[in-house]
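First the structure, then my questions, so here it is.
Think of it as A, B, C and D in the order they're written, each chain with its own count starting at 1.
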Amino acid sequence: MTLMGTLVTGAIVCYLAGALAALLGNDRWGRILGAWGAASGAAISLSLGMVALASGSVFSAVFDFPSLTGFALRIDGLSAPFLILTGLVGAASSVYGAGYSAAYTGVYSLRKLGALFNLLLLTLTLQVMADNALTFLLLWEAMSLVAYLLVLTEHREPATVRAANWYLAITHVGFAALLAMFFLLSAGDLSTAFDTLRANAPVPTQRNAIFILALLGFSAKAGLIPLHVWLPMAHPVAPSHVSALLSGVVIKMGVYGFCRIVLDLMSGGPAWWGGLALALGVASALFGVLYALMEHDLKRLLAYHSVENIGIIFIGIGAGLMFQSYGLMSLAALGFVAALYHTINHACFKGLLFLGAGSVLHATHTRNMEEMGGLIKKMPRTALMFLIGAASISALPPLNGFASEWLIFQTLLGGSHIPEPAVALMIPIAVALLALSGGLAMACFVKAFGITFLAIARSPAAEKAHEAPLSMQAGMGILGLACIGLGLTPFFVVPVLGRALAGLDRLAWETTVFSLTLPLNTPATFGSMSSPLLAAGLLILLGLIPLALWVIGANRRTRVGDTWGCGRIAQTPRMQYTATAFAEPLRRVFAELYRPTKDLSIDFHPESKYFVQSIEYQSEIHPWFEKLLYQPLIGIFHRIADRVRWIQAGWLGLYLTYMLVGLIALLVLAWWTP
Amino acid sequence: MSAWFVEIFQVVFVVALAPGLVGLIRWIKARLQSRLGAPPGQPYRELGKLFHKEAVVSKNASWIFRFAPYAVSASTLAIAFLVPVLVVPRRLDMVGDLFVVVYLLLLGTFWLALAGLDPGSAFGGMGSSREVTVAALAEPTTATAIFSLALGAGSTNLGAIVAAALNDPWTVLTPGHLLAFAALFIVAIAETGRLPVDNPSTHLELTMIHEAMILEYSGRYLALLEWAAWLKLFVFLSLLANLFFPWGIATTLTPGALSWAIVTLLVKLALLAVVIAVMETRVAKLRLFRVPELLTASFVLALLAITSSFLLR
Amino acid sequence: MRLFSKILSVGIVTEPLDNGGEEVELARQVAAKTQKLLGRAVGIREVDAGSCNGCEIEITGLTSPIYDLERFGLCFVASPRHADMLLVTGPVTRNMEVPLRKTYEATPDPKLVVAVGDCAKTCGVFQGSYAVVGSVDAVIPVDVFVHGCPPEPSDILRGILAALDRLPPK
Amino acid sequence: MSSLFSQLAVLGSSLTLIFALMLLWHRSVDAYTTAFAWQSVVLAGIVAVVAYFERDPELYFVAAMLLLLKGWLIPRLLRRMEGPFGAEQELQPYVNTATSLLISGLLVLFAYAVCRPLVALSHLPTRAGMPLALGLIFVSLFVIASRKKALTQVIGFLMLENGIALLAVLGTYGIPLVVEIGVFLDLLLGFMVMQLFVYRIHETFESLDVEQLGRLKH
């Protein structure tokens, strides 16, 4: 057995053992052993991905047991980055989950949670290895269902059930699209190996249909606009370590699937494919961050940011596809590498942020930012970790978000090489909107960190907050280190990812060799950036400034006093800026996009209208395009459901008759068709 | 060796002259208001005084508040290292391009905005909220203007852009170039908190943007933040001057070329200082909610800049 | 255009400051070190402790082109944290006692206090009122008093400069 | 030589476009009039530049006419019209300022896309300015469509006319002088008629808000 085979088996065994231990053990040991199983399985997944990238070898296995016929697995370059991010986020969130899920003891089933968590990691690990449509679809459905059950963990909350139902509905719309897509792609035989599919190119009209179906199916999973509605509902209600996995890894499977089908199996297509992906990406990036800004539920805010970042990833992929269609191969490679890099980075910082939000939730029992504040003094380590995550997602140098966003910018700048001017003119608009969403993300995370962790506690719950237990800190620490590490080493990560793409055999890359020198020169020779030097420079300057102060003999005395408030007697938390107030200027600026509803009612004194008894002001923001898109659909479903209600009679005999009729019809059909 | 010496010298030069530039703008403005005004060296005295005063820190503030001045000044200093002020080509060009500069600015804004929220004062929150709004809305213009500059030079590296403009001095007059200059000038005004976006000499908390965030700072912290803000203005103006009108910048390391570069840079900056002072005398501060309109206008300018560079390429 | 031709025709209107009458009274000796440190750059925070606003009108005159306090390196600042000197006017009312103390505490050391107007020293016509705590030096230490009801802007300027030991020679 | 010519032509066209954008940014009719006057001056300058490089003395005459009529006479008349109505302000246009600016930016992009084949065919050194002239026409039309005050619309119309003139100068180096003079006369006459209308609107509604015209139906 090869090394990779051993690793695959090891991972499967670990996950299954973890699931079993969680099911059989008592609350305490089941929880801890389940977490160990998941963590060690994830560590193996991580090393599997690394081995695959380092050796460049391909692992493949076809199972021929009677019960597993047609089940085929294969690991190649494209699977490897996804294995790595599954392993990284999986390991961190299982360690974290060991401490975090203790709070569920006696409230919700810990056994189910632990077992499902292991199963989710198992399906995720296998998903990226699937080597035929049947395996892919089976695992896809299994992953969706396990994730659904995990979202349902706190099943006594009505909001949770609602969110889980939305998730289930949309994920199945996506599944239906994928099913149709694979039928078209494999001409009806779902067990055809992907290798055969690569060799047989479908006709162009079919290709377009396949692309549209793939985009629909995978964007439903990835949470691309307009199929993102389930994401801000389902991610917040899941347990936080599960949210980290959902936002960090599960939605990335949409990205993986899209890359697998469109890049690998169909090896690119006409320019409008890329244009469509790019446009959807830009829209997701912008709307995701805009709605995140208005959100005061910490976890929902993070979920909307997932929509934004998936958008950024699709910008990279879309730009890459466009360049590929114009034959600009090195730029295309750059786009895909940037997208993959951002995928891994997003998994790290979003996982970290969800874990941090989980610690806050654990300590304060609320997700509402307006009831937090001052937590940096109560939970300094969580605050530091959240700060690292916030700086990374805001693409601040020298952390990892910056490295990948910089690459995406560089890719887009290459857009001037596109010979079609009408297309080329669309690129600057994408650049501008990407920059806007980057700036807004920074604003949003100043809000998220500032209102949550800084100033004075806004509620008794926040005052009584406590630092998270060690296991949770360790979970956050892993991802925090990953954020810094990935940020400092783009000169290493980029060539490695380039090699992952070079493994795709039918993509004829011109340049997949990226320079390994310290600065990161992009292949189109557009710009250079060196984040390790930048980080070193910043650190040196940070040291030099206090030194300079000491040299000039600056006064080093510090006196602690009250916050200046124009001489008022005392400061209360209510005098602080709230999250709502913080985002108000942007709400006004983008009023045309938000279309907030306003509701003002003033109670006058019965004697005179110059005496006001109470003023009530309410303003809400409902995503109007969701209403525009989903309301009619839901209406249609309701109407159809009303029409076909007569079928239901609640009488067993009738249902058996239906079955009989159905069976006969099938047999007749089978008899007719040769 | 001498190349590295010049790099260091450039930063020292920028850091040393930054307060003087602000003093000069204030002095010209005072003259335009029929006043004698403080001498241009006044900001140096202010810094000297602030460094020797004690610091008062709010009891609600955390380490973020104390760390932010260092973070802000370090990121601004890093920008001073990256921007070509006197010489091209540069050794440090590979460390960061124009995007790095823009995101380092955002890094400073990020820390300053957090520091504004930290003491829990309403003013600080207001300042942070407005600062991040303006910073976020200025981003599209900046990115688009960078795009149009990069189109001309084939690179986002600052040294390459300046070198390209030096090679072909007539590109300076192309509309793409001029429009991008106008767009970036508006961004520079918004980012450095000058009129009509923010009034640097206001004392009314409700109209402040930048000042509101540093209302809580005193002593050495305040000195660092003020210096960083002045440095930002200096770097922004010399960036504008050198990217769009690179005449005079040294291409060799001879003392003659360097001193000529210093002279031309000072002349360019003095001209820009006069422009800013005259403009600040002429225009009133915009209402906060007209600022986005101004930034939109700058974005449209940048977009036009790109379209015309595309066409003339 | 019209604006700038006007500016050109008006020219500089700032009047030189001479060593005027006996309106300035040094309440206590300011440390030489402080005077040296604050010498030529002073941030001033104005605190109205309950005045009739007569003094405020005169203080507003300081920023005008005629008196132009900026030529001495003085400027008004927005927060006591940025200030080196408090310019206090009026008798201290009960409501303003705590804010005045808080402002004094909020100002980083070393700092100076200049009390402007007769009320600040004697409480003026408000003396003995139930709403008044007393003169400014009853609440915080004062370095210089400037007499007058209200004092002229140039007297206020002289008072500020006296605290810094920078009065122009007679 | 010809590169300088084309640079100047494009620069001038960009300037005229920017003056049109000012209409969207400012709110007072006074500023609109100023913008229009400067735009006309720049237009006259472009015509003079074309005349210089193409050695076409007739165009000098056209430039002078432009300067006199649009740079001086019409702005003067416009300012005089403002007198009786007081300071009119465009406070609530149909589309807000920021969105208007974005839309006009996109309109210019669109103009570039539309002009692409035209520019590719032409060999004139001025061809690069043609998309900008078309953009000016689009933006002026947008001003007329999105603004409520009658005076703004009049200025929008005048800028539209400037755009057409610019396109003619850049695309064909001007039309015959006779036609040009006829156009000028038409323009003056049109302006008079519009002036009359504006007076009547004001008389009837005590306001220059063209939304009020909807009331004429009843």
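Structural remarks
To be clear about the criterion, a residue touches a chain if its C-beta (ideal position, glycine included) is under 8 Å from a C-beta of that chain, and two chains touch if they have at least 3 such contacts.
Being a predicted model, the structure only gives us computed values, none of them experimental.
By number of C-beta pairs in contact, B-D leads over the other of B-D and A-C.
Chain B and chain D have centres, each the mean of its CA atoms, that are 36 Å apart. Rounded to whole angstrom, the centroid-to-centroid distance between chain A and chain C, based on C-alpha atoms, equals 59 Å.
Rounded to whole angstrom, the centroid-to-centroid distance between chain A and chain D, based on C-alpha atoms, equals 50 Å.
The centroid of the Cα atoms in chain C and the matching centroid in chain D are 56 Å apart.
Counting only residues that touch two or more partner chains, chain C has 79, 81, 106, 108-109. Within chain B, residues 52-56, 215-216, 219, 292, 299, 303, 307, 310 each touch two or more of the remaining chains. Across the assembly, chain A contributes 421, 425, 557, 559, 561-562, 564, 589 as residues in contact with two or more other chains. According to the touch criterion at the top of this document, the contacting chain pairs are A-B, A-C, A-D, B-C, B-D.
Touching chain C in their complex are the following residues of chain A: 557, 559, 561-562, 564, 566-569. Here chain A touches chain D in the complex through residues 421-422, 425, 589, 592, going by the rule given at the top.
Listing the residues of chain D that touch chain A in their complex gives 96, 98-99, 109, 112-113, 116. Considering their complex, residues 373-374, 376-377, 391, 394-397, 402, 406, 409-410, 413, 416, 421, 424-425, 428-429, 431-436, 438-440, 442-443, 445-447, 449-451, 453-456, 518-519, 521, 525-530, 533-534, 537-538, 541-542, 545-546, 549, 552-565, 571, 573, 575-577, 581-586, 588-589 of chain A touch chain B. On the chain C side of its complex with chain B, the touching residues are 3-4, 7, 10-14, 37-43, 65, 68, 70-73, 75-79, 81-82, 84, 106-110.
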